[in-house]
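I've put the structures underneath this note.
Next come two complexes built around subunit A: one with subunit B, the other with subunit C.
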Partner chain A sequence: MGKKILSYCRITDDKVILNGNLVLSNNNSDLNHWITDIYDYTKLSYPKFHKMDRLSKVGVLAAEMVMSESGFDNDNLKRDWALCCMNSSASLDDDEAYQKTIQNAEEFYPAPSLFVYTLPNIVLGEIAIRHKLRCESSFYVCEKFSADAIYNAIEDVYLCESVRYVMGGWLEVGREGCDILLFVIEESDNGNLQDFSIENLRNLYLKK
Partner chain B sequence: MEQLIEELKQEIINALNLEDMTLADIDENAPLFGEGLCLDSIDALELIVLMDKKYGIKLKTAAEGKEIFKSVKVMAEYIASHRTK
Partner chain C sequence: MILNVADNIVSPLGFTSDENWAAVLRGDSALALHEGELGVPEPFFGGTFDNLRIDERFAKIVETGKVKPHRPTKFEKIAILSAENAIKQANIDPTTPDVRFVISTTKGNVELLDNPNGYDYSRLYLWSSAKIITEFFGNVNEPVIVSNACISGCVAQIVAERLLLHDRCRYVVVIGADVLSKFVVSGFQSFKSLSPELCRPFDAERCGLNLGEAAATIVYARSDDSVAGHSVVGLEASAICNDANHISAPSRTGEGQLAALEEIRRYAPKSYSQAAFVSAHGTATRYNDDMESVALERAGMSNIPVNSLKGYFGHTLGAAGVLEAVISKYELTEKMVLKTKGTENIGTVSLVNVVMDNLELADSNSFIKIISGFGGSNAALLFSNMKGENYG
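Showing the complex of A and B:
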């Protein structure tokens, strides 16, 4: 029995890769339109999606794909899970938008709908709500993608004996665009699945 | 009334940052909370501020908001009869 990668999703500014297959390419859309294209591709019908910030939107879309590919529904409560992700710019995209609402004394209005997204871990809450994950979650900010850091953080999560599945990865949406690697790990003896290892995480991230 | 409903839809899109939605995506008869747009308490705050800033309507109680925010159409009817701006 070892930790295996059940499925993974890679989203960048120009493509979506799901379990090694290119499933969608970006035809020069800006980030907002690209996110809409991915939403349409997933055939997701989720009104809450439209209220989310961009980090949550992309995270929810990636989660939708990996959960579906891993064979999980979003109807049943899931308690033997954990969420563990990282990025480099935290919630800077939202922090800047929120800051603009309190910049001028004449138009001072600290918008609640922006404020609620001024923490990067909110994306994990949105994913947990969508997939009924009643679980611990952790979100780390790291200077750049690090397979070692993600691997070690998830190994720590597995110290909790009740955890069987972990959804984890790198969720970066900001000035530099969109850079996502999200995967589901399971304790499994299925030899057909990739091992959860630093080398494999690095390869999935770098795969073109 | 139709014009006010369309204007209100756009105001809601702006206030709630529903950037990828169009006016046609919002059904004026659909419930705003629970179903339809699936709004929550944070969004209710934004709608209360919108009513005040744009239409000069100050809601006094939460119960009042519950009635007024049933749908875009109900909101528009209330605005039409109570607006001070």
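Showing the complex of A and C:
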């Protein structure tokens, strides 16, 4: 038995890679349109999606793909899971949007619908709701993508005996654009699956 | 089990844990009405620092820094102030690779978005502040930065537990800190979460929370480490659980909080059953306090004494989980559970035994800390007293 990568999804400003296959390329769309293109690609029908901030949208889409590829439904309550993600800018993309609603005393209309997303862990809340993941969810901030940091944090999550699956990775949406690596890990003896290792995480992130 | 080797609280009520404990024992509160402050048009009740006192205190320690920070922000100053004293008490050398820093905050320097005040944009990144803090102490390791809304301070202690149990280091310095800003206050106001009066946790007439600012630090070590020699209270079990229900409201049935409580009971059934009290989140919003009452009742804890510290400090966001763990440690070792300041008539959907007057404890084996927040997060922590009557 070892920890294996059941499936992974890489989303950047110009492509979506799912389990090593290029499944969608961006034809010069800006980030908002690119997110809509990915939504259309996944054939997801989820009205809540349209209310979300960009980080949650991209995170939910990546989660939709890895969960479906790993063969999980979104109906059954899942308890033996954990969610563990990181990024660099926390919720700065949303912080700026909310700040605009309070910048001027003359136009001071703080928007609760924006404020709620000014926390980076909200994306994990959205993913938890969508896939009925009643389990640990924790969000960390790290200057740059670090396979070591993600690997170690997930290894530490497995100190909890109840955890069998972990959805984890890097969820960055900000000034530098969109930079996502999301994957599902399982304790498994399936030799056909990639090992969960620092080197493999690094390769998945760097793969063109 | 990991042990609290040393701790320190920096709040409007004092600059050490002892000062803060003495203040809450007297019944002092940091909360006051603020009108026309922080650029927020509506008045608000909150617990804020006298910034001059922070500057005075910081000036006294700035020379001890391995790297003297260039124009540290208020957030960075209170974080450093809280850690400096705790590290000194713990008598550890923070420059060794054996020490890791875990930093908990919700919004860091977000006030710089409103007024950059000559700071570079990069200062808005949480890792940028974390670097200033760890460099001050000459620590070479990458800090772990936890940003998990209101439960961040408890998650940071769980990270410390895992780092130590995995032998990734010998000591962990857990710092929780947040300051108030136009951003944070207006956001909670827009959510209609702020009380127009002093907060009344678990009260039938409660109408919202008060925000507060603070920084708190706990230095943790493994219980078998010699540095932990004289310390007695430690973190024995912990759990985090998402409700998977709503991003800005807790589960009405307390699902995530109940699951977290059940998890810590599985890990440490004896200490759990002997818990002398529960330190609740008790923000004084209708939904939070009702949810906690339901979760506690469902966990079979309708009779256990429960308090909330929000009437003393306000909701200190990323600092709350650390600050409240420290005050509760004093409550346990001093055998005195603090009254829930501000509460007159208990009124939650489920029965909960809210402590209304300071309560002397007959025994002091353990206590449970619960916390919840935006994103559907909940956590439960079980702290035990190694010198307790029935420990071990």
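We adopt the following convention: the second predicted complex is superposed on the first by the 208 of 208 C-alpha atoms of A that agree within 3 Å, B and C clash if a C-alpha of one lies under 4 Å from a C-alpha of the other, contacts with A are read in each partner's own complex, and residues count from 1 in each chain.
Everything that follows uses one rule, which is that a residue touches a chain if its C-beta (ideal position, glycine included) is under 8 Å from a C-beta of that chain, and two chains touch if they have at least 3 such contacts.
Because the structure is predicted, anything quoted here is derived from the model rather than measured.
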First, second, both or neither for A:106, with subunit B first and subunit C second: neither
Subunit B versus subunit C as contact partner of A:125, first or second or both or neither: second
Which superposed partner A:189 touches (first subunit B, second subunit C, both, neither): neither
Subunit B versus subunit C as contact partner of A:36, first or second or both or neither: first
Contacts of A:50 with subunit B and subunit C, given as first, second, both or neither: first
First, second, both or neither for A:90, with subunit B first and subunit C second: second
Between subunit B and subunit C, more extensive residue contact with subunit A: C
Which superposed partner A:136 touches (first subunit B, second subunit C, both, neither): second
On subunit A, positions contacted by subunit B and by subunit C: 111-112, 116
Subunit B-touching residues of subunit A, taken from the complex the two chains share: 32, 35-36, 39, 47-48, 50-51, 53, 109, 111-114, 116
Residues of subunit B that touch subunit A when the two form their complex: 15-21, 36-39, 42-43, 45-46, 49, 53
Subunit A - residues contacting subunit C, complex: 77, 79, 83, 88-90, 92, 95-96, 98-99, 102-103, 105, 108, 110-112, 115-116, 118-122, 124-126, 128-129, 131-143, 146, 149, 152-153, 155-157, 159-160, 162
Residue ranges of subunit C in contact with subunit A within the complex: 39, 41, 106-108, 110, 113-114, 124-127, 130-131, 142, 144-149, 155, 159, 162-163, 165-166, 168, 182-183, 186-192, 239-248, 255-256, 259, 263, 374-377
